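Chain lettering (A, B, C, D and E) follows the sequence in which the chains are written, and residue indices restart at 1 in each chain.
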Amino acid sequence: MSGTLIIPGDTIELGTESGETSIGPGITTNPKDQSIVYPSTAGLLKSISKRNKTIAYIEHNTKRYIPTIHDYVVGVVITVFGDGYRVSLANYSQPVVLSALGFPNATKKNRPHLKVGDVVYAIVSLVDRDVEVEIECIDPVTGKEGGFGQLNGGTLFDVKLAYARYLLFNSNAEILEAIVNKCQFEIAIGSNGKIWINTENVKTTVAAMNAIVESQQWKKEEIVKNVNKIFKDVL
Amino acid sequence: MTTSFNAELGILDRVDGSASYKFGATSLICSVSGPIEAKARQELPTSAALEVTIRPDVGVSSTREKLTEDKLKSVLGSVISTFLYPRQLIQVVVQILDAGEAPCYVVRELVGCINACYLALIDAKVGISESFYAKCVAIEQNTGKLILDPTDRDLTSSKSHHAVCFSLGNGKSKSLLYSESFGQFTEEELLKVLDFAAEAIEQENIGVRKVISEAVSNDYVWMS
Amino acid sequence: MFKGFEVSSNEQAFTLETLKSGIRFDGRKLEEMRDIDIRLGDEYGYVEVRLGNTKAIVRISAQLAVPFEDRPYEGIFQISTEISPMAGPMFEAGRQSIDEVLISRLVEKAVRRSGALDLESLCIIAGSRCWAVRADVHFLDYDGNFIDATCLAVMVGLSHFKKPDIAINGEEIVLFSTDQRDPVPLSVLHIPLCVTFAFYNPNDVEENIKGSSSGELILVDPTMKEEAQSLGSMTLTLNKNREICQISKAGGLPIDAPVIMDCCSIAYSIVERLTEKIKQLLKDDEAKRIDINVQRALSAANDR
Amino acid sequence: MSVISVTGFGHQNVSVDSDSEDDAMGDIEATGFKSSIVTPGERITDDPTWMRGHGTFYLSNQTYSSVAGSISRVSKLLSVIPFHGRYSPETGDHVVGRIVEVSQKRWKVDIGAQHDAILMLGSVNLPGGVLRRKSESDELQMRSFLKEGDLLNAEVQTVSQDGAAFLHTRSLKYGKLRNGVFVRVPSSLIVRAKNHSHDLPGSVSVILGVNGFVWIYRTKVNANTKTENSASINRVSAQLSSSRDYTPGQGSESITRLEEESSWSIYSDQNDEDFPETIKLNITRYRGCILALAHCEIGITGSRLVNAYHASMVYDNIDALVSNQVKEAIGRDIIEAEKMRGK
Amino acid sequence: MSRFEIYSPEGLRVDGRRWNEIRRFECRINSHPTSSDGSSYVEQGNTKVLCLVQGPMEPALRSQSSTAQGSLIVNVSVTPFATVERNKRPRNDRRIQELSATLTRTFNKAIVLKNYPRSLIQVNLQVLALDGGLLAACTNATTLALMDAGISMYDYISSVTAGIFDGQTPLLDLNTIEENELGFLTVGVIGESEKLALLLMEDRVGMDSLEKVLAIAIAGSHRIRELMDIQVRNYGKHKVAKLANQ
C-alpha cells in the first residue's frame, strides 16, 4: 500500500500545479475558515486526477460507516411506517429512510411491501447535515431496478469498510475469483461494509462468507491456498 | 526514552476503535464508538455529543472517576471535530487495568487516559483537528530535579507533580491543551516543566507515529 | 440486550438452516465450546479470559473489613459485574439493563450461593475483623456468553489469588507485606463452572408446545449473533464432583425434561475438561513463580 | 393435600381426588366435542373439516383451545369465546370514550378496547354548521374542541384491519359530555341494542356505551320539548327492541337542526348553572343502580335500570346502595320481577 | 436458630407432610372483576399471591409497540408484611427484578402474542404472604389471571418447587424452612406435557439425583394444573349458568 502516512496535525501539501484540487474523505476544512484545510484522520494520503481535477483524500480503513451520496449500501429494515421504512446500515448507527416510493414504478397504490428484518440493496440518494439520510432502490442512471431492491435468501455479514470498497470496485478481486472456482454465488456488496451472499447451498455459503471475512488478513499469495482449506473443512 | 510506553491499536472487536496503553506500572484500555445514534437526551442539534466513561481497576466508580472524566472530556472536546457529526454520539470508555499509583494521586491515570484516548480515536478514525499527547512530570523535593513519568514512589517524594498535554503539529509540540499541577512550585519551575514536557512529548511522538503506521499497514494486509 | 444490533430475517432463516445441517459459522460442532484462553497476570488474582472473541478481565482484591452484623463468623465476598459500553455500544453506561442484572445474579448464584469460597475462613476476629474479598469483572469485548467466561475467570482468579499473611496480636492485626511473609491462598472449596446452551425452534410454535417431535435445536456457548437469534437459553453450573450448583432456564423456548438431562451430561464433560485445564494452568504458574524466586535468590546470593 | 407417586419421566401415577368435578366430561356430543367449556391447551377436536376461528390454534388435524371459554359453532366455523375479554368494537356501536391524545388531524380516544380509537377532525361537527369546510386554523385549535380527559359519546364508523376503531360524532346525539357522572362496567354486561341513550324518570338520561362506559346525566331541557319530532331519543317505556340490524348514522337529525345547534356551546366545558340538587341525587341513585346490576352480573338495559331505580326507592338514603347486600337485594328483585312477567 | 428436623426417620416433614405431598393449594379466578381485565388469587400453603392483568391495551410508550406482536410486562411487588421480618425492600431489588424478568420470558412464549400486535399486556403481582415457592405461586397466579382476561395462551403453565434431602429423598413443594436448608428447583411445566418452560435451581444438588427431583416436580406441577383447571371450569359453569338465567 503506497502513500505517505498522515496523522492529524500534519500539514498536507495539496497539488499546487494546474487545476483545482478538491478534498475527499479524511480531509476537512475549518468550519469558521474554509481556507484552512487539515487532515482529520490518520491514513495514507492519496490523490486521483481526472480531467484537470485532482481529488486528494486520506485512505483509511474503519468499521463505522458514514453515509455518502451515491454509495451502494446493504441495509436491514427495522421499522415500517406509513410512507416508508427505516433501514439500518450499520449497528448502533442512526437509521436511514427508504421511502415507499423509492422503488422503480412505485406509486401510492402500487408499492412493495417490505417487512421488518428484510434486506435491501440500495443507493444513498440524500445526505444533508440537517435532515435524515435517504436511500432508494432505483438506479439513478436508468431509473430502473438495476439490481437494487429486496435481497431474498442468503445471508449477511460485515467486513471493514476499505475492504468492502475494494471488493465493490474490483469485481475481479483475487478472493472473489478464488471463490468462483469453488461454487456459484450471488453477491451484493455495500460500501457500508455489509455484504449479502447466496450460493447453491448452506455449506458453501458459510465457506464463502468465512473466506471473505478472513481474507482481510491474508496476503495475496495466500488466498488460493486458504480458500481451498476453508472449503475443504466445511464440505 | 522513545520506548517508555507500550501501545496497541484495534484490540477489541465490538467497538469502532480501541487501544491499550501501558507506561510503567500504569496500564489501561480505551474504546471509542462513533458516530453512533445518540439517545434523545444526549442529542445536540449541530454537533456530536461526547460521552466519556472511566472505570476503575478495583471497586465501583466514584467521584474520583467522575472528576477525571470531566477533565478528559474537556481535552477531547477541544480536539474532536464534533461539528462533522451533528445529532450523533461519540462514546469513549476507559478501563483502567492498573492505576500504577496510590489512590490519592490521579496524575498517571489522567495522562494514561489522554494518550489511550488519542490512540483509540485514531483507530476509530473519528475526525480530530490535531494530534495530542500528554506526559507527567514531577519535581523532586530536595534537588528540584525534573522527573519524567514519576513512579508511585517518585510521587510521594516529590514536592509537586504535573500533568501536561500538548497538541502536535507535524510532530512538534504546538499548543498547550491541558495542564494540571499539584503541590508547591514557582512560576519559573512550572515553565521549566512545560518546556521539559513539550520536548518529551515530541520525543515520544516518534514512537507513537510508528505504532499508528503499523496499525494502518495492518489494516491493508490484503493489499500486500 | 441487543438494542441497536439488527438481525435480518435472511440471517435468521440461514442460521436455522446451518444449525439443521449441524454446522456453525465458526466451524464448531453444536455441543462444542469455543477455545478458551486464560492468561494469569504477574499480580495474584489478575486473570484475562478470552472465550472466542468474548474478553473479560477479573481482578481479585482483599481488604480488612468489619463483618456483617448478622454474619459475624463470615468474611465478605462481593462480585462486581458492571458492563460498560466498551463491551459493545448496546450496553448503556451507568444503567443496568435487565440482562445485566440477570448476568450478575447468575454469577452470584453460581459462585457465591454454591459456596465456592469458604467465607468462614475469611473471618479473623469474630464480629469485628474479617477479610473482604472482591472480584471486579471488567468486560472488554462482547461476543456472546459473558456468563461462562465470567464464572470461569472469577473462579480462576479466586484460586490464583493470595492475600497477605496476618498475625493476630491481641486485638491488633499485623499485616505482612509479600517480602516479609509469603502470601496465603484463599480457601476455595470447589470450582463451579458454567455452561450455557442456546435453544432454537426450526418448527412452528404449535409443534413445540403440542407436538411430539422434540425438534428443538440446542447448541453450546452461543456467540453474540447466535444469542441474538436464539429463542431461549439455559445456563448449567456444575463442578467436577458431579454436583449441579445452579440451573437457570428463565423462560424462553419450552424444552423436554429428558433433553435437559442430556444437556447436563454434555455440560459435565465440558466442565471436567475445563477443571483439568485450570488446575494445570495454576500449577504451571506456581512452578514459574518458584523458578523466578529461586533465580532471584540465586542472583541475590551472587550479588553478595 | 394430594399424594403423587412418581417412578420417572412419563410414568407418573397421579391419584386424583375422587371429588374433583369432572362431570363436565359428561356431555360429549355427537360432534365429538367433550364439553362446552374448554381451557387453554385442551384439544377440542381432531376433525380437520372445521374452520378454526378465534380462541383456537391447531397442529395438523388437531384443534386446540387457546382461551378459557365456551365453544361456539357457527356453521363450519369453530371458535372459543372467552369468559371475559376487552371490548372489541364493531361498526355501528354507540360508545362513550375519553380523549387521551390530540395529534395531527385526529384525536385518540380510550374506549376500553385493545387499541385507542381514532376520531378524525373530519368526523366531528364543528361550530358553524355541518357544511362548513375544515380549515387549517381548525387543525391548530383542536384542543379548544376536545382536549385530553374530555369525555364524549360517538359511533364506531369503521374498524380497521388490526381492530382499531374509527369514530364519528356527526349527529347531534353524539359529542362532548357534560352535566353528569361516568361509570365503567364490564362491556359484556351491555347488550347491543338499537338504542343506547335513554331518558329515565327523574329528569335523568343515560348513555349505555356498548364498550361498558356509561354516562348518566341531566336530561337535556330542549330534548324534552322536542322529543316528538326526534327519532333518536326514545322513551324507555316506548320500546326496547333488541333488533341488531342497524346501519351507521341511522337516526341522525335533520341538517337544519344540526346547523342550528352546532354552535360553540356543544364544546362547552361548563356544567349547567341551574343544576337542581334533586337531579344530582337522582343521578347518584342511578349510578348506584348500575353498579348494583354490575355487581349481580345482570345485563344492563334501560328498562332494567328503571326497574332497579324503582326497587332502590326503598332505601331513602342513597349511601345504602354501596353495600353488597343491598346490591344483591336489588338484583334479586329485578330478576324475580322479570320472571313474574314471564320473561 | 435451632435446626429443624427437615425429614424425620418416620418420613414426615416439618409441617407433617410426606415427601410427595404438595401443600394446600387454593385458587380463585376473577377475584377483582372491576379493577382489572383479569385477576386471580393463589394460595400455596402460606404463600399468598394476587395477580391483576390489564390489557391487551394501547401501549403507553412507543417502544412497547411492535407491529409483529404484543408486548408483555410483568411487575412483582412483595408487600413489607409478607415475611416475619418486616424488611423494607429496596425498589430495585435485584431478586425481584430477576423474578419479573423470568416471568416475562416464560409467558412471552406461552401467550399467543402474535394475536396482539401493537398492544400491551401488563401483569401485576402482589405477594401478600411469603413462605417458599414464590416463583411457583407467581407463575400459577399469572396463568390464571391471563386466562381470566381472555388472553390467548397455548397451554397452562403450572409450577411447583422440589428439593432433595440427604441426596436421596426428593421433597415436593417446599416451605421457607425447607428452602433454606435444601438445594431445590422450581419448574414451570407446559400443560400436561413434560416440557419445561421454566427451570431454576439454586444451591447444590447431586447430578444423579436431578432426575428424581425433576420427576416429582413435574408430577406435582401436573397436579397443580388439575386443581387450577377444576377451578377454571367451575367458574366457567357458574358463568354460563348465570347467562342462561337471564
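Everything that follows uses one rule, which is that contacts are C-beta pairs under 8 Å (C-beta built on N, C-alpha and C of every residue); 3 or more make two chains touch, one makes a residue touch a chain.
All values reported here derive from a predicted model rather than from experimental measurement.
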*Would you mind naming the chains that touch chain C and likewise touch chain E?*
A, D
*Which two chains are joined by the greatest number of C-beta pairs in contact?*
D-E
_Report the inter-centroid distance (CA atoms only) between chain B and chain D in whole Å._
67
*Could you put a whole-Å number on the gap between the CA centroids of chain A and chain B?*
32
*Between chain A and chain C, what is the gap in Å from one C-alpha centre to the other?*
39
*Mind pulling the chain C residues that touch 2 or more other chains?*
4, 89, 206, 209-210, 257-258
*Send over the residues of chain A in touch with two or more other chains.*
92, 116
_Residues touching two or more other chains, restricted to chain E: which are they?_
154-155, 190-191, 194, 211, 214-215, 218
*Hey, which chains are touching each other here?*
A-B, A-C, A-E, B-C, C-D, C-E, D-E
*Provide the residue numbers of chain D that touch chain E in the complex, in ascending order.*
1-10, 12, 14, 16, 20-22, 24, 36-37, 39-41, 55, 57, 64, 66-70, 82-86, 100, 108, 110, 114-116, 162, 184, 186, 294, 297-299, 335
*Please give the residue numbers of chain B that touch chain A in the complex, ascending.*
16-17, 33-37, 81, 83-88, 122, 124-131, 167-171, 174, 209, 212-213, 216-217, 219-224
*asked:* Looking at the complex, which residues from chain A come into contact with chain B?
replied: 1, 5, 7-11, 26, 28, 30-31, 38, 40-44, 60-64, 66, 92-95, 129-130, 160, 162-163, 166, 175, 215-220
*asked:* For the complex, give me every residue of chain C touching chain E.
replied: 98, 101-102, 104-105, 109, 113-115, 205-206, 208-210, 231-232, 234, 238, 242-258, 260-261, 264, 268
*Which residues of chain E touch chain C in their complex?*
94-95, 97-98, 101-109, 154-155, 185, 188, 190-191, 193-208, 210-211, 214-215, 218
